[in-house]
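Both of the next two complexes hold chain A, though its partner changes from chain B to chain C.
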Partner chain A sequence: MLNENYLLVLVLFPFIATLIVAFTRGNAVSWVSISLAAIYFVIALLGFSVKELHYTAVWYAPLGLSYGFYLDAYSYFLILLSAFLTLISLYYSRGVIHEKLAAYHALFHALQATVVACLLCDDLVFFYVFWEAMLIPMYFIIGIWGGPRRIYATMKFFLFTFAGSLLMLIGLIATYVMYYKGTGQWSSSFHSLLEYYQAHPLSVETQRWIFLSFIISFAIKVPLFPFHTWLPDAHVEAPTAGSVILAGVLLKMGTYGLMRFAVPLFPEAAAHYAMPLCLLSVIGIILGALVAWRQTDIKKLIAYSSVSHLGFVTLGIFMMTEIGWNGAYLQMINHGISTGALFLLVGFLYDQRHTRDISAYGGLAKILPAYSVVLAIIAFSSVALPGTNGFIGELLIVIGSFQSKVASWGWVVAASTAAVLGAIYMLHLVQKICYGKNQDPQNEQLYDFRFREWVIYIPLVALVFIIGFYPEWLLGPVREKTMQIFSTIPQHLR
Partner chain B sequence: MFEQLMQDSLLALPILGWAGLGILLVCLQIFCPRPKISLIASVIGLVALISYSTVNFVSVPTAIFFGTAVIDANAQFFNLLGLIIALFTVLTMIPGMNNEHSKVFRLSYEQFPEFLICLLFSGFGLGVLASAIDLTSLFLGLETLSIGIYCLCGFYRTEIRSTESAFKYLMIGAFSTAIFLYGIAFIYGASGATHYSVILETFKTGVSPLASLGILFLLAGFAFKLAFVPFHLYTADVYEGAPTPVTGFMATIVKVGVIAAALRIFWGFLQPAFHFWEPFWVALCLVSILVGNIAALQQRSIKKLLAFSSISHGGFLGLGLLVANPEGGNLFPLAAYITIYSAMSLGVFALISHLENREHIFSVEDLRGLGNKKFFLSLIFALFVLGLAGIPPFAGFMIKFWILQALVQQNYMTVALIAVVGSIIGAAYYLRILMLMFMSTEEGAAAQWPLSKDRALSLRFVVAVTALITLLGGIRPSLYADWILHALALK
Partner chain C sequence: MDNPTEILSFVMGAAALMPLLGACLWFWIGKKFGNEKVAEKIVSVGAVSFMAVSFFCVLYTFLNVEGSARVTFFEWIRFNSKSAVNFAFLLDPLSLTLGLVVTGIGTLIHLYASGYMHGDPGFGRFFTYLNLFVFSMLMLTFSDSLVGVFLGWEGVGLCSYFLISFWFSEEENANAGKKAFIVNRIGDLGFLIAMCALFKVFGTLNIPELLAAVQAGSLTPDQLFWIKIACFGLVLGATGKSAQIPLYVWLPDAMAGPTPVSALIHAATMVTAGVYLTCRMQPLFLLNLEILEILAFIGGLTAIFAASIAIFQNDIKKVLAYSTISQLGFMFLAVGLIAPVAAFFHLITHACFKALLFLGAGSVIHGLHHEQDMRHMGGIRKKMPLTFWTVTIGVFAIAGIPPLSGFVSKDEILHFTWHSHRWWLIMFAFTTAFLTSFYMGRLWVMTFFGKFRGHHEAHESPVSMTAVLIVLAILSAIAGALNWPELWGGSERLNEYLRAVVSQAAGEHTEEAFYSSLKLAGISSLVGIAGLTLAWFRYRNFAGEEFKAPIFRIFKNKYYIDEIYDFAVVQNLKRIGYALWKGVDGFVIDGFLNGCASVSTKASLRFRRLQTGMTQQYALWVWIGFLLLLFGAWSLR
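Now for the complex of A and B:
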């Protein structure tokens, strides 16, 4: 039904939207921007039935540069998530952000544009270009509309991720040059590289250090312990919508990079490093949970919970089993939904009270009944209670790990005990905010959900249960894709 | 013989044109000493030379003037680049001359023809440098290029900083020339010739210790001119004091000329001694990249910051030279790097000269809050800064990418890695500029300095062209790569 031109529309639309929004003035900005985001979401929805689309074109012939876009289940659902979260966060920002509105909205569209381009790229060089370009809008979003320590946070965010990606650049160039040395022609297309490296695997030594250069970059982005320290700062200082996109979409780029590029290209190296990487993931899970427990700032708590959740995702990836990968992918989407929602919920309180201190709130269940219910549902989803989306994802990762040939299932057992810690800090948060006694008279003045909030939270809560009870619409295509990727991984590793 | 000379002159017209134009301006000074007329004459002359050399491209390398120079793709390419740089510098300088707010500018206005003459003669030096195939003509070219620039640096003669800059550059320049000449003398002593091809023949049979010493001195001489660490100490002060358009001119044209000459020498008669000079050169480049970027972190003045940034870019250029090995190497990364780097530098210095006020040192802090006041200008400034930092999708990234790719291809893994580490450090100070411009709520001095009433159309033209190259060069390399490949006859 849809042909390759659909890919071009997917890639180009956000760029055009950025330009349109940037040159809109006055009160129209919000609505123009939100409608564009809505149109884009609809365009993204249209691709649901598409299984696979490929588009290639010559970029610059004399140097053998070409570019290509490739859509499959792995990229599709993340694009959908990105379009959905961008729409919601822009809608949320209406009435919250007043300064430099056009620039704010334009930067979000630019972020969307780079994210989508990065997800769709079938070309290592282009992937890298957009991977880095993604940092620029986020740098400005945090730096201009952020909290009091925004400059420190945004510099740290940029320099951490930039350092990691430049190291990846060397590995990436090496992959690309070795293909040239082997075949005599230049190509950075991921598919031709993959085909070539399957037929002629690199020596284990070479694989290992190239894989390491990739891992450093992706691990910083995810973030994997001990590279996670930029995340809490960036989250705390970012404006709410920025946090939503950062947690919901940008962190996923790291795990996506692992599943799409690093592991399929260098399976031997991935297996070799499975042990230490699983260890780091588990440390991340436990440490993230413990640190989250002790936070007094709600946003920081959620930021550390992200470290913990993404540890689960990377654990699922490094265990290298099909089921684990399905679970990891699902968990990426789940984390986007639940953490995005949590940040929005914090924003709702912060916009009214201008504090994120847990102790400032209490007994909100009486004052804000609707809010408390939604918060509880999202918290359950984050804890992975059966019936919510989180449960399916974590379950798949745990089941998958028992078949792993590269790492012991003991890691997952350790990680699962940490899931209990997750329940502790999340329920601790809900309990402190919604129950107990209200100590602060200011809380009496809070207003509950209005039309605007319902528009935001109904789809989010619906998604929690839709994925929780019927994940097949998402898992089906993902499973097929995973099977396809695993068919390329040597038998003794999967 | 006369016929031969005429024929050679015709071939070398784009190079001799510099000198011709310069002499024309000198004559104009006698008969019609008006700045405006000189200005018009030089702009028309430069445009004519640029169009002439783009149209009349000599594809067969031809030795001219009794074998002292050669007209080939490299010579024409680098000369053309120099012509464009000179034109852009003149166009950047024009609005500054009309700035009624600055005494310094007003006092210098009457001397504007001298500025143009120095500029043209130093450009002539570049042409000679790019085409030299004999150590004597090489030396002449290098000196002509430098002497013109000494004068240009001190152009604001009523201003102490400008004079200081000129004097420092003169002293260091003389010193480096002496070292360079020393190297030439040793090489001559070892080989008995000054012509590249003869030296190559003798070097093929072996490099004597005397010749090795000569090579080292030659390397040091080049390192001085390219401002490589540890020969860079003059750079910051000279860049700071010189008139800003001249800073842009120096930062680009000296690199163009020296790289053009070094290309011929390193991959000419020094090729047999490759394993001797390679480690020295690599070390110089890497130290420049690292030290340049680290020192830039500490700079208060924006021009000094850019001076250190240009040192680190010089290091990358040196690496580009390393991979331009005619056997199995590739000249393209180097040519692309110098072209795009020149565009970005000229653009950023043009913007600074538009904003600056010579009465104060332009500190980085002055940029505070500029984004709120002059948004569009700041946006373009940001574009150049992101380009210089090498952040995709701008052109500055692609040129670094090509250099790194060539390095990896020739198995310089560690070198590529260290160069990348330098770039990571570099990102910090480039980002600081962006941060001050866009994220600060206070208003710095730059936002308050009165701008010239002149609408600065010529400067706008320069900024627009260089900004377009920076913006689109990463996404559409065909814009300039076609031209480079064509000019270097690589296609």
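Now for the complex of A and C:
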């Protein structure tokens, strides 16, 4: 059995990896970095059987600060996803990125480090520090290896998320101070705060203010309509691997924050704002899908589809049902797999043709048969076809939300139209790329999947079907965790 | 494996997995060996034998299951501690009947396709999709939960998408596939909502538990409301998959796929899924008689509507496509009139004769080097005798000439319609019966009689194709025996078998009923003969003229429904998408943000002027600040 030291390894390994990679020189960089990522993935896999782990060490007792780390199903699967996607993105980057290789790889490990630390943190101060720190590596990844409008994109990305984070800081401080006022002791440990606030809920008025400050920060990260406009710009300019991690991991931090902190700490306020938040989610779902359809830039199309998919996640969360939460969590993982794969698939074309214009392609099913098959599978996983991972998440969200007391079932029907709209934009994408006649003689020179691509896509496609046909390995632990959280939420709010 | 359930689960697992395994194999072989002769041989022999194995597995189960049985493979999705859905099969008369049709007709069509697709570069890919389709169809048929049915339901839609756009280099085919999938998805939305509503009421999605809970009675008004919603959803789903008004528009376009596909998917099996679903969930509908009424009306209207379009089509496959829509309308009419056995009976006979007609049409198209326009056919009965005679049986069967299968099953539906005393439905049904025999007569005469008006010399198709035609012709002729009315000395075996799971009003056995049924049969066969005769005289000497009057242009253009949908829905959605992108995202949100940015830029430009670098000025500001502080302190005192 693994003990608390496992947590330390989990947290510290990526930091050490960052340092090692940063000081490696020459041809070894890629391989050292990829091996480290692989080792980390294996380490993360080892924790599969762990149900719950807790580690605390005092940092500064007078202010109640501690090095607290906490692992459960919610944090575990996101860590696994992060390790998996980081490994795949770094492997993909080999041979694609040539400039400042050591810095590039080091930044990805740093990103991984901050993400994992943020996921595992039990201490609110630490949480805030890593939440902010996550921005920095991504800022540089887009800003240095990004496309032509990268400066605008990074500015927008940074200012948007940073503005949100500052609001959250106010909320965090309020949570911290209120605890002191109540107990006469300082503590920033999430668990003691949670225990206290469950026993002595704050007045609804106070809860609402603190909750709002949290929610804006998380909503920007997710991103929830109308805070989503930074996402398409950031994705378009980011290098492929950056997009994969951004969509696959970073966005999930927002929804994770909602499920881990915002709702459990302030259930009354969450219930109070649930309805408008559901409305925003539904708007995001429909807007994202319709706008995605009208895009000519493939990456922008996928970015807007992310807005739509994450709308489903937030809908599942704010509808406040257990089934919906399980679906929402599963959908976070699914989105990481499917959208990550989609960005990699776009990257595959972009690296060869240096254009993301959808009309530059066509008829590729003849020229790139293997590529087209994988693209079709991933596209159908994204439109939630039964048998793929996307379906399980969406079904659970829809079925759960339908029973909710928060909002009328009509909203669920409205959200479900995304099943149709999703098919429209995804089939549009597949058709424009794979079907019809080849639009450009340059496409004839394209090469199909080689060994490297198979290494990347076989696991991704396998996951699509494994989750699609046997989701229990993931759903089981998550369901238990959700049950535990819901047992603390007052009955009338669910 | 002594335990009978274990044997059953093994056999049924094999039945479902053979096609799935096949799909993977053919894909691999097709990729590995391209379109070499050997690969083609392996794939065709393999695909047909896999299908045959699957058929015999279902047949074995059919013969060995008494009443109904359930076999569970493994747990799929767990909703909460109380409820989960499994990969599990419900083996009862309804599912086994459809299963036999799917695998039986499926095997025949696989055999046919191995001849028809000969030499196509996508040979392996074709059988991959076809086998995958059969797998999905079996999941749809046998799954014991609505989620499992939904897996098959969407799976068949997926395969249909791939097969319609099989020759994807033509933009048109790709568009047709996309249209089919998207329109089907609108229906699937209804299915999804139905699942939500039922889960809300009963907390489970397993069909036997659901139906038991419904039949247990004592439902609150609230529960009844959700059941009604679920019924609406299921009807929407059924209209999508079974191409009924208002979602029928995809099926005519679906003819862009290879002809065996049209026969298997778009005539015999997939499109009947809606009928199957509504029969399966009949207890829900029995609580909502007004929805059954709507269903009957949709069916009747679709029947006459599609038939009226079929008359004016010149593409042989389009005629059959509209005919399929129309016949499916008949089935829904029967379901709506609480005659599910009649609907199922027509489903079976229709599967036989429509598959026959499509494959016959395919044989003609094959023989005429991919000519599909009936205006360029004619007089080929001598050149293609086997095709001619088999198609003739098919035409007579669908036209309702006694004692062929189509006559018996259609007569049963007409019988139920007659006794429903709803004059509009009776009018719809009998008019459709007439129109059906007319347009089928037209097809038959234009294709096989008169002068040859084509370009290529016709030739008879290979044995693998004609053999299938012969088998299907025999089935189309005799399938009526399955449910030959007792009044006329039959045994109504299907009726007896299916009554265990669906309810249908029992027929009377009086002398009066006998004469009335005879009268009805007389009328219906007269109608059929009249249609054929009229077509014979109208088209015997066809030389290219058609209906010229402007009123017919409406029929010819299919009532402009496609154009109306495009104008009212698709274009508007496109506009909304664009407006949301440029308006909401671009103008409002980013406009606001960029506005904030420029305000702060401008403000900082102003404030920058304070930094003049002159010490005296700074000293002045310090002095003013000091005074202000002083003033502040004084006022707070």
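Keep in mind that, in the parts below, the second predicted complex is superposed on the first by the 492 of 494 C-alpha atoms of A that agree within 3 Å, B and C clash if a C-alpha of one lies under 4 Å from a C-alpha of the other, contacts with A are read in each partner's own complex, and residues count from 1 in each chain.
The criterion applied here is as follows: contacts are C-beta pairs under 8 Å (C-beta built on N, C-alpha and C of every residue); 3 or more make two chains touch, one makes a residue touch a chain.
All values reported here derive from a predicted model rather than from experimental measurement.
Asks: A:Y139 contacts which: chain B (first), chain C (second), both, neither?
Replies: In the superposition, A:Y139 touches chain B alone.
Asks: Between chain B and chain C, point out the one touching more chain A residues.
Replies: Counted on chain A, the partner with more touching residues turns out to be C.
Asks: Once chain A of both complexes is superposed, is A:G26 in touch with chain B (first), chain C (second), both, or neither?
Replies: neither
Asks: Can A:P148 be said to touch chain B (first), chain C (second), both, or neither?
Replies: Neither chain B nor chain C is touched by A:P148.
Asks: Let me test your reading of the model: by the given contact rule, A:P441 touches which partner, first (chain B), second (chain C), both or neither?
Replies: neither
Asks: State whether A:P471 touches chain B only (first), chain C only (second), both chains, or neither.
Replies: Touch partner of A:P471: chain C, not chain B.
Asks: Does chain B (first) or chain C (second) touch A:Y128, or do both, or does neither?
Replies: Only chain B; A:Y128 stays clear of chain C.
Asks: In the superposed arrangement, which partner chain does A:G184 touch: chain B (first), chain C (second), both, or neither?
Replies: Neither partner.
Asks: Looking at A:L65, would you say it contacts chain B, chain C, both, or neither? Reply first, second, both or neither.
Replies: The first partner, chain B, only.
Asks: Find the residues of chain A that appear in the contact set with chain B and again in the contact set with chain C.
Replies: Shared contact residues on chain A: none.
Asks: Please output the residues of chain C touching chain A within their complex, sorted ascending.
Replies: 31, 74-80, 87, 147, 150-151, 153-155, 158, 161, 165, 168-171, 174-175, 178, 181-182, 185-186, 188-189, 192-193, 195-197, 199-200, 573-574, 576-578, 580-581, 584-585, 588-590, 593
Asks: Taking the complex as given, what residues does chain A use to touch chain B?
Replies: Those in contact with chain B are residues 59-60, 62-63, 65, 125, 128-130, 132-133, 135-136, 139-140, 143-144, 150-151, 154-155, 158-159, 162-163, 166-167, 169-170, 173-174, 176-177, 180-181.
Asks: Chain C touches which residues of chain A in the complex?
Replies: Against chain C, chain A makes touches at 156, 226, 228-229, 232, 287, 290-291, 293-295, 322-323, 363, 365-366, 369, 380, 385-387, 392, 395-396, 398-399, 402-403, 409, 412-413, 416-417, 419-420, 423-424, 427-428, 431, 434-437, 469-472, 475-476, 479.
Asks: Taking the touch rule as given, give the residues of chain B at its contact with chain A in the complex, in rising order.
Replies: Spelled out, the residues of chain B in touch with chain A are 332, 386, 391-393, 397, 401, 404-405, 408-409, 413, 416-417, 420-421, 423-424, 427-428, 431-432, 434-435, 438-439, 474, 476-478, 481-482, 485, 491.
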